[in-house]
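Next come two complexes built around chain A: one with chain B, the other with chain C.
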Partner chain A sequence: MTQRQGKMDSGVIITVLICTALLVAIGAVLLVDATGRRGSGLSRVYELDAVRLASFDPNLILYHEVGPPIATGFERSRALALGANGRFYIAGDKAVHVLRDKGTLEQVIRLASEPHCVAVSAEGRLYVGLRDHVAVFDEAGQRIVSWEPLGERSFLSSIVVARDDVFVADAGHAVVLRYDKTGQLIRRIGEKDPDRDIPGFIVPSPYFDLAVAPDGLLRVVNPGRTRIEAYTFRGDLEFFWGQNSIRIEGFCGCCNPANFAMLPDGRYVTAEKGLIRVKIYDADGVFEGVVAGPDELVVGGAARVFLSVEDAEASGFDVAVDPDGRIFVLDTIENTVRLFVEREKG
Partner chain B sequence: MPQRNDDVTRRRLLRDGLWGACLAGIGGVAGFAAHKGQKVDWLWQIDPYKCIACGNCATHCVLEESAVKCTHVYGICGYCEICFGFFDPEPLAINEGAENQMCPTGAIERKFVEEPYYEYSISKSLCNGCGKCVKGCNAFGNGSLFLQVQHDRCVNCNQCAIAAACPSQAFRRVPADQPYLLKSVDHV
Partner chain C sequence: MVRPRLILVALAALLVVGVAALGLERFPPPEFETDYVRPTTTAPNPPQGLWEYVDAGVLAVTLVLATVLILRTRNRKLIFALMLFCLAYFGFFRNGCVCPIGAVQNVTLTIFDPGYAIPLAVLVFFALPLVFTLFFGRVFCGAVCPLGAIQDAVLIHPVRVPRWLESGLRLIAYLYLGAGVLFAAMGAMFVICRYDPFVGFFRLSGNWEMLVVGACLLLIGMFVGRPYCRFLCPYGVILRQLSRLSRWRVTITPTDCIQCHLCEDACPFGAIRKPTEPWPNKEYQVARRRLAFLLVLLPVLIGAGGWAGYELRQWLAMVHPEVRLAQRIYLEENALVEGTIDASDAFRALGRSSDELYAAATQLRDRFGIGGALLGAFVGCVIGGKLLSLSVKRRRTDYEPDPASCLACGRCYRYCPKEHERLKRGREGLVRH
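Right, the complex of A and B next:
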């Protein structure tokens, strides 16, 4: 009997082919990134490295957080003001909540629309900035009067009460309005006027804050120029400071600082949106240090700022300062008030 | 008894062949017309409020040059001088120098409007859909830049490869008569 050499059984060939096909299929399933979890594969030049951009020397942090955060009771908190006797006035949703210092809800003032800003006078009157007008309430929360609406384009973003005046920042019209306490408009401040060397405010997003400094001048953020400008009550521009930089010394992004407050000694507490950080500048605008950076302020730290534009818009934290120099931060993401005090030196 | 002549004659072959060609032609024309007239009901699009600009759109499209491009809604834009969709986060100077630009392909064009406002537009031929500018604009600006599938390029795969690789499930089908999901000014 003779054997046929060099020939293979067709069954073996089919088995080998099927096995090879199976291996290729398994390899394809394992190697192909069907879910995208392995990333885009783009080089680093296509990445915006938020963590690197947000990093700064931790020795610059001069403050630390004290106590648990106080819940505002809002789904969307907007603004914070401090009143006498340790009361917090927090604007959000369609109300103003008045809280005691430990967070006890003392009073709820309901509103017909969303408030954007709030201020309290020395007499205890509450001035609430709604989209296009100011509403005034007495200490018991009863509405006294609503001022004249400012038109469809207006977006009131900040309000401050001085001794005889009320200053309102209208982000929609990029102007500061000076009123007397009866609601009579006295003056428009900060509109572009080359003859008076006033460049005009640039307000790309609805953050446009102001305060009255201990030196008696008005301070107004010019967000599009990332600086703070000082005006007399008559509307003369006296000086300005601030530089655009993502470095810790500067204000980052297109429009910052989002909010600020004045310490009793004339220093500034600034809050930036986007890359959320609260910092201290001296009375001349020289950077002193950090109250809290993204890692201290936001769950997820620097990476959080890049999730969506809603996150970025909600990241306009408000700040307020009490007579002892303690800094209260309104966390508009978690809807809480957080207290920061200066670290003991040495 | 007469015999049937089943032989294929030249004349019969030509006649039957002509009929067959005519029928095939009519069928082809009808099929082509039906195909042309068929409405594509659903297209792929990105929900800009879910997109996290991860970069996968640039590399997961079946086309060599991704069908996803950056889109700009001017109604939302702040026309900022210092636009973080345009400028590198740490620019050497605030001007249009390539070294100062965020976009690796130079796809964003900046045009002076009036002091201090600038208009930003996207060069679709240069944009690769990486979304780097979208991240910068979302984080620091008004979010007027966002990614959209461009339907003059998209081949509308049955299963979009980018949709499968989208970590935020931002892709969804949209009616063909409303093929884009644009951001609105009043959203925020």
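Right, the complex of A and C next:
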């Protein structure tokens, strides 16, 4: 009888190999997660950990919150302005609420549509920016006049009153409009003009703020470029500052700062949305410190996930400053006004 | 007089300035100057405009070259060289995308979704190989397809697959094509791309399951020539039918077949058909009765397939993300599962109502009922057609490649003595001249 020893037919080996490969392949196909039910399956290197990136040195916090928050009385607060004699003017829902220092509701000015921004003149006149036009009210809350509508695409997001002028930021058209106090349009500021080295505003979301600084120049946020630009009232771009960074020194995301205010000494108070934080920059735009970070401002801090569009949109907090340098933050999530004062040094 | 070179330089400078001007307008991307590492994505970047046209151009040129090499030059080495170039270019350089196999789904989606506009390059990738196949046989499979090339490159010890097994396994490709078309038509998934076994090798990344599948197919491909092309490729199904109609196609002999039998085992893909003997009368009578029976069976198979496909609608519909979401929302709303998932959170954040979602899912399921019935009928028709083809004897006097199965690889040429004669005459002609 012939016996084969130590040899195996190559056909058998090939058949075994093919069958094994076939079974493994079928098994692998069955394991494919075609519907994504097991998640991305990617390692942690792919994770954008907002909490870690948003963390900063707590010693940078220069302010602390004082007193309980003041309820605005709105379901959706939009903007805050401070008037003379300690009044708050808060725009929201379809009204402007005038509050006293401790939060006592003094006056309600009802509006036909939702206001986006509000400003008070030295004479006590109230300028309310609605979606496409400005409405002017006297101190008693009586409507004096409504200015010419600016068209369907307009979205007024900020308004500021100077001595003789009113500046309105139109986020829809990405332009600042300079009016006289009677509502006559004098000039359009910030439109792209290569001859004057003006790059134009990039406004990806309805946050486009402005203010008049103590040096007499207009400051306007160019949110898409994450910087603040200084313009003369004639519309010449003088300088700008600001850098895109998730670090505490910069402005993060697509479009920040969402709002800002000027301190009496020319420093800036900025409010960012998304990663909600309020910070101080000196007059040259150098980062000085933090008024409040995500942990101080929002429940959940940087880890907070906005589950609705409205919730996410509300994350653009407004800020205002009084002559004493106290900082008022309009919390558009909780619909309150919160007061922050500088910590005692040393 | 202005020199042409100066004009070119000026145009180039203008182009550079123009690009810079366009760049100025672009939205500045956020900068993460932290220690966050931006990961490399597994999918390639979206094709850029110019590259799409370059790819289409390379496809056209390689198809022309393949046609010349396969039908006129008849040189396996050159065909293999072109195949390696296509593997390198379409596979590793262009990351295996766009490919005509996946383009079947783009074309289907274009037909069924008016909101989807198919890119011109994808349309070219889909249509050009079909046109070439219609005229010249499967020259695309032979030398241009990177998926075919990667398998052809590893074929070292071909074994014969029995005809019955080959015919049976080929049904998978028809089913795969039907499923690919159905899911693309419903907007559910590009299943052919999702289960591409070789794209992970081309991109040097991918999910491990498909990399394992690809490795297994290559392992099998060392012994069974081009298993993906023969038993799985959905595009190959279309090419098979068109190749039957082709006017010019691969022939083993350059002149007349001398019935030497030398080429009989030359094809690693089992595509060479032998000359046929006339049927004995008794066998012919049996075959006639069988044919009549199968002709009656055909509509039954189609109907049964259609019914089975319709009954599977619930299962098929689960491939659609909207239907899966509806099921998840239902389970969550009725406390049948704990917690939520990202998709259900996102659904609620968008403010859509559950009723609206359920209505959409029901509508989709009904559409899957129709689509499933058509898919089932198609599979029934293919099975019936295959049985019918087995019962029909084709008269063949020479050894010749089966027009549908021949992958135009050019391996059989050198087995033909007539081919050697041709080459010899060619060499002598060269010497004389």
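Operating definition for what follows: the second predicted complex is superposed on the first by the 297 of 346 C-alpha atoms of A that agree within 3 Å, B and C clash if a C-alpha of one lies under 4 Å from a C-alpha of the other, contacts with A are read in each partner's own complex, and residues count from 1 in each chain.
Convention: a residue touches a chain if its C-beta (ideal position, glycine included) is under 8 Å from a C-beta of that chain, and two chains touch if they have at least 3 such contacts.
Bear in mind the structure is a predicted one, so any value in this text is a computation, not a measurement.
Residue contacts after overlaying the shared chain place A:A140 against neither chain B nor chain C.
Applying the stated contact rule after C-alpha superposition, one finds that A:G224 touches each of chain B and chain C. In the overlay built on the shared chain, the residue A:A50 is in contact with chain B alone; chain C does not reach it. By the touch criterion defined above, A:I202 reaches both chain B and chain C. In the superposed pair of complexes, A:N244 makes contact with chain B and with chain C alike.
Look at A:I14: by the touch rule set out above, it reaches chain C but stays clear of chain B. When the shared chain is aligned, chain B and chain C each come close enough to touch A:C252.
Residue contacts after overlaying the shared chain place A:A112 against neither chain B nor chain C. Look at A:V299: by the touch rule set out above, it reaches neither chain B nor chain C. Comparing which residues of chain A touch chain B with which touch chain C, the overlap comprises 33-35, 41-42, 45-46, 48, 53, 202, 204, 224-226, 244-247, 252-254, 306-309. On the chain A side of its complex with chain C, the touching residues are 11, 14, 17-18, 21-22, 24-25, 28-29, 31-35, 41-42, 45-46, 48, 53, 199, 202, 204, 224-226, 243-247, 252-254, 306-309. Those residues of chain C that touch chain A in the complex are listed here as 24, 27-28, 30-34, 36-37, 39, 157, 159, 189, 191, 194-195, 207-210, 212-213, 216-217, 219-220, 223-224, 319, 321, 324, 345, 348-351. Residue ranges on chain B touching chain A, taken from their complex, read 49, 52-60, 78-84, 89-90, 94, 102, 104, 116, 130, 132, 135-143, 164-167, 188. Interface residues of chain A, counted against chain B in their complex, comprise 33-37, 39-42, 45-48, 50, 53, 202, 204-205, 224-226, 244-247, 252-255, 274-275, 305-313.
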